[in-house]
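For clarity, chains are labelled A, B, C and D in written order, and residue numbers in each chain start from 1.
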């Protein structure tokens, strides 16, 4: 490991934003579950690293129907929340990894070539959540889906969503030790009554399933329609063929739960 | 108190639960270097250039070891049995699988070793590959091994392992049913929790102390001494405490190369494989392809078995010829079958070489035979226990190699399971024993299968 | 859209020791002046419990408490040859080597005791660290005192050596595979009944229960035997439904390189495991023991395959029985396929997998 | 940087992004935690950081400056085993022993935080810890029974679902 790495440990959100500046050359260590192994194995060799452990970015704030989750909130702190986010969080990794992994890290997770990652992304997309981040050009608030499309050099501060009327989460569960979720579907009946669906493991990052949403009143038809919204691939944990078979099932089950 | 039969605690149990048990990676020695390997990034290629001079100049690098440093480059796992070797310790002119070690860099720390690996100049000219063992015999198949695509066996000009017993064509003629199926168990990883690791210390008396996770200290001692061309008393393996093996640590995968680096650097060197290397570059259990054709009677006797086995050895032979022979000896499973015709081939592909793993050679045949048995039961409407009990090995039955069984327990284990799961056996089957066949248990086709010779 | 349960059965056999033998193990033992026993063996303990089992054999054979025995397999300078811990040979082959060494130690201890007690060695035995005269249990001498007498009185070092080697069993006819002698040290037997639950919508197979019986010859330590059987069962479960180094075999694409992408069985995969240990002694192993460490993962995959068929009526004969393979088989069945070709007395399964369909250089049929 | 390891306050000189596992093993010579994968996948390196179980391979040491770290060595000594350590011996929950340091630490935390003897709850709590030897059966039995301690360490427990049939009985 490079002795030269400059390690910063800001002690407030403002200090974190200041230390991050415009990003670029800064590696962010949230819980460490993604970045530390990459540093250990020499895949990433940071010049400057920002450790957010003491930056005061954690916490779940529920005021009225608005839920705001700090970037450094652990995944396990979400597991008691309503669906889809709670069960989605509870489905991730194991209890130790959930204690350590953070919301911000999960939103920034890039799928390695072997399997999907970023389990929470789908739940946030379904919830219509927005991400507040900082970096070049200052603070930005945008829908999660937009953030996922353009998240280089951003420091996540928090995520906000309106409590939905109902939510559901279904994942393909192949029981083994260290769960990457090969495929999962999150759904929410939002405050305005509309239904939003999103899938994890069906494209490089989580994707909305607008075609399925359009058929939401017919869960079977919606399941089939969902296949038009995704880019399924073969990887180490599942074939595209199998994902194609299971995605409609998960969509159907989610819609049945949403009622 | 009696020691044998007692539920005594593990000899090393307290060490395990306190973290005091010392595995190879836990030894500490002053001045130790860390090693990192250059491994092939391609499945099959000629090496057209290999230049380590820039790597040797990387700050912190103390030694770079390649094939030119190995006194005896090729020494086979079965060389002790007089079987020719085929695998270089470090790749020389060619690589035949992705992950094959080409060079080892020993440096002050892993970062410098990794930089050293990156500085090695190497060029490849890729060659065609072979993956499907079934296609290895086709005239247009890529040739992937200097011995051809399948192992020549080096005995009696046989290019395969054969078993012949009785008259298989007569069995097919006499059979009421001829049932054929194909069975293909996968390659799996050993996944010991401790990855491959060794640490070698050059001693002041010229000896090498080799801290090793080998499952087989003396086997490894022989392999290392052969490659290094030194007598056994120049080497001391320190080991015996292994963080899981399952067959994957018989191969002596890291010790010799680490020893060469330690000798060249004149410093202790440790080479610990990452989990990624363990998954991708360490040997696996072999994938197998098996085709069984059984001659059976409507009342559930197996008269004969014709079987083809293709054993996916990967890029080199390692223990595969041994595994195939063992497989052939057990291809009737826990049953006595009079007419046998078995052909088995060790087939080379561009996979990571496969090797021994728990149940070596037999795990595959157990799957094939027993699944086939279940199919016969289903097709003929038989009882799964009774069909097996009928054909079960009995005392004085003979094996495929014509060896008499002295203490078979097929009957006992089946009856126990029937009892434990509440499966009612017909009275004759409930009363069956492993004692020598007689009466209804000795049909005409088994009369000449009884022998008291051997054990 | 339902879950189906099914049961399957398998019975297997497996040899102890290397195939065709020729695999030596050796050991030596020395006795300290207080009667404590030092065993030197080259057998690696890979978790199988070789240190424990061999120590138990020595304690039993000499007649001293287990905690009198120290076991050193730490290096090749002090320990003699052991071919290694594989081929289910650590208990049977290496166990016989330490047994022989221990018997020699006992004989020498009794010779010293005989001189000290003035009783013929044939009339003495060692029980729990004490030399006792047969039929006169009040006439005793502590092994500690015997060892002290040997060291300081008789000027002797009490040692024992043992070597076990079954002669190489040669193939005398490579056409037929005949061998000139038994090609194994012993054979063990086992059976497994597996109960599974198959989800016909996702194809996921869960193993619910495994009942297993093993003939171990003699359980030198029943707890360690259970450990082998339980650990093997879960490894067999992995073979059956989870693990694959080449998920797209024969293609080498998309290999899993870490614990998230290679499916090692985890704690939540664990079914109910019930174990039956049968002791039908072997003629060859120490105290009748047979080796079962390796076979312990051989019976589950076929039992699971049969159980899956029992549950949903399809045969999956490529391992592992992944959800995808189950669904593909169910699809084929629903489309009226997936059945063997029946022609006269021939019933031919899996034609699409056979060399007859895939290759031109080799074929395999019942015709000669 | 400083961390307290098993009661000893120690200075850390490794770079701040060094994993806690490598700091413990390579700098501080605390080798109980094992490098099974160095990627969070196996649990062999789990330690307690301020009382909470953490994969030390996933933890940058600079993120826990000043923390109290407890490794398996800190739970009990050979002559003073903790209840969980005793249970692992008595129930034969360790075979090769390489996963044991992490397993024992995680099980200790599970019980200390009120975990029950329910098999399913134990499986859920420890599911991220890989053991390749035991099939987990005896680990679960050990954790379920561990709370009271005071186990007879001269013998081991009979398996929960075992029948032994001798040759004579057959």
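In this section, a contact is a pair of C-beta atoms (placed from the backbone, for glycine too) under 8 Å apart; a residue touches a chain by one contact, two chains touch by 3 or more.
Just so it is clear, the structure is predicted and the values come from calculations on it, not from any experiment.
A comparison of the A-C and C-D interfaces places the larger number of contacting C-beta pairs at C-D.
With centres defined by CA atoms alone, the chain at the far end from chain A is C.
With centres set at the average Cα position, the gap from chain A to chain C is 46 Å.
Mean C-alpha positions place chain C and chain D at a centre distance of 27 Å. In whole angstrom, the spacing between the mean C-alpha positions of chain A and chain D is 30.
Under the contact definition stated at the top, the residues of chain D that touch 2 or more other chains are 37-39, 41-42, 92, 95-97, 124, 127-133, 156-158, 163, 165, 170.
Multi-chain contact residues of chain B (touching two or more other chains): 6-10, 12, 191-192, 242-246, 274-276, 412, 416, 420.
The residues of chain A that reach two or more other chains are 1-2, 41, 177-178, listed in rising order. Arrangement of the chains shown, judged by which pairs touch: all-to-all, with no pair of chains left without contact. Listed in rising order, the residues of chain A touching chain C in the complex are 114-115, 172-180, 234-239, 241-242, 245-246, 249. Within the complex formed with chain B, the chain D residues making contact are 25, 29, 31-39, 41-42, 44, 71-73, 75-78, 81, 84-86, 88-90, 92, 94-101, 104, 130-133, 153-158, 163, 165, 170. Interface of chain A with chain D (complex): residues 1-3, 5, 7, 9, 29, 31-33, 35-37, 39-41, 46, 49, 51, 53, 93-97, 99-100, 177-178. Those residues of chain D that touch chain C in the complex are listed here as 37, 39, 41-42, 92, 95-97, 122-124, 126-140, 156-159, 161-167, 170.
Residues 1-2, 41-42 of chain A are the ones touching chain B in the complex.
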